[in-house]
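In what comes next, chain A is part of two complexes: it sits with chain B in the first one and with chain C in the second one.
On to the complex of A and B.
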């Protein structure tokens, strides 16, 4: 991953030296040409193309912004309703993610999304204890996390 | 003549202020600490972010200055607010703050049991 990015930068600089024009635009042209070269040589790399991972990060960000806005509209609806019919509760969620930064990212995203707040993480990083504003629908909560964020994070780290 | 950008600036700042008000109302109305943390960690984040984005667009269009510190501010608020909410909720639970009477279920109370069951199933493997 990092090697491919560095290689792409190197190819861009090579292009700048070949054309002997040291401007930003020639760097960008060189970068795109280098991207083409890396794409053509993709079967010699051990890992997958880094541009796919960048695309996965962009998708995760967009998903996150949409969920953040949805979360706020939900909180808005709950707070401003004259009669609050809250059913808060704590449920546990077993995650398939293993590395520490993945679990941290997942709990950060869960905390900023509709009606859920991470309260504790078990010692082996395997279980998250999540406080939900609407705990009567735990299955829906769990499946929305699993289908949405966990999948997207796996896509990034794969 | 009013530029289109001014509508964006006004929109962002008004939405941000509105979310800040909603946060404050939520802090008063919600029943227990944990549900209040929900309001504080979500609405306040989006409110502050909207106000900062409005500020960014205002100075970009009015003075032509791109203030990168505002962008950093948005980013830092975004990554620190949920961590704060998590730590407050966790510390409250561990010092024994009661959940609201409406609470439906509480898996965290059985944490020890879950952990033991898990370590047992692991040792069997």
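On to the complex of A and C.
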């Protein structure tokens, strides 16, 4: 992954020196040409192509923005309703994610989508304790959203 | 009292501290023409170190950055005084600054000013004093 990015940058610099024009535009052209070369030689790498991982990050960002807008509209509906029939509760959520940054990213995504809030992480980073605004009817719904986030994060780190 | 799991705070701190330190360096160099300077840059760097102190502890920070902050304060004061005394060599009054324009590679036409050296002294003194205060308060039980 990191090796591929470094190789791409090296190829872009090499292109700049070959054409002896040290401008941003020639660097970008060299970068794309290097990407083509790396794509052609992809069987030599142990890991998958890094551009796929960049694509996964973009997909995760788009998913997050959509979820943020949807959840905020839901909270707006709850706030403006004359009768509040909330059933707050705390539930456990077992993650399959292992690395520290993955658990952190998942917690931040859960916290930033309103209606749910990460309260604590267990000592082995395996369980999140989540406070939900509507623990009764949203539980199955929430877990499906979580599968979306968790799957997207796994796509990035795979 | 069980120690809580600080995994979220620690991971976010490791990412954010790089950004804060880079911003503080930018503030330090912006001081001559735009708002900024040695004092605010030093405070910002010290703030990044304090954030690391909050996320981890004093012992961890001392293994990451093994600085003696008292010596840092002394070095900053020494740099500031020597910058002022350098003017005496050229038969100018104390703390007279000189500047000139140079053609540097990569940067092009740049004005180099001896006030930057004085600012480095201020920067080191601010970091040293802030960290000394916070660490002495933190270590006293």
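List of remarks:
The rule is simple: the second predicted complex is superposed on the first by the 151 of 158 C-alpha atoms of A that agree within 3 Å, B and C clash if a C-alpha of one lies under 4 Å from a C-alpha of the other, contacts with A are read in each partner's own complex, and residues count from 1 in each chain.
As a working rule, contacts are C-beta pairs under 8 Å (C-beta built on N, C-alpha and C of every residue); 3 or more make two chains touch, one makes a residue touch a chain.
For clarity, every value in this text was computed on a predicted model and none was experimentally measured.
Upon superposition of the two complexes on chain A, no clash is found between chain B and chain C, which fit side by side. With both structures placed on the common chain, the touch criterion links A:100 to chain C but leaves chain B unconnected. Of the two partner chains placed around the shared chain by superposition, neither chain B nor chain C is touched by A:151. Of the two partner chains placed by the overlay, only chain B lies in contact with A:117; chain C stays clear of it. Of the two partner chains, neither chain B nor chain C is touched by A:42.
In the superposition on chain A, contact is made by A:92 with chain B only, not with chain C. Vectors from the Cα centre of chain A to those of chain B and chain C enclose 70° in the overlay, to the nearest 10.
In the superposition on chain A, contact is made by A:79 with chain B only, not with chain C. Judged by the touch definition given at the top, the superposed model places A:125 against chain C, while chain B stays out of reach.
Contact comparison for chain A: of chain B and chain C, B touches the greater number of residues. Nowhere in the superposition do the C-alpha atoms of chain B and chain C come closer than 7 Å.
Shared interface residues of chain A, touching chain B in one complex and chain C in the other, are 107-108, 118, 120, 122-123.
The part of chain B that touches chain A in the complex is made up of residues 19, 22, 25-26, 29-32, 34-35, 37-39, 41-43, 45-46, 78-79, 81-83, 85-86, 89-90, 93, 99-100, 102-109, 111, 114-115, 118. Within the complex formed with chain B, the residues of chain A that make contact are 68-69, 71-72, 75-76, 78-80, 84, 86-92, 107-108, 111-112, 115, 117-120, 122-124, 126-127, 129, 131, 133, 135-136, 138.
Residues 4-5, 7-8, 10-12 of chain C are the ones touching chain A in the complex. Put simply, chain A touches chain C in their complex at residues 100-101, 103-104, 107-108, 118, 120-123, 125.
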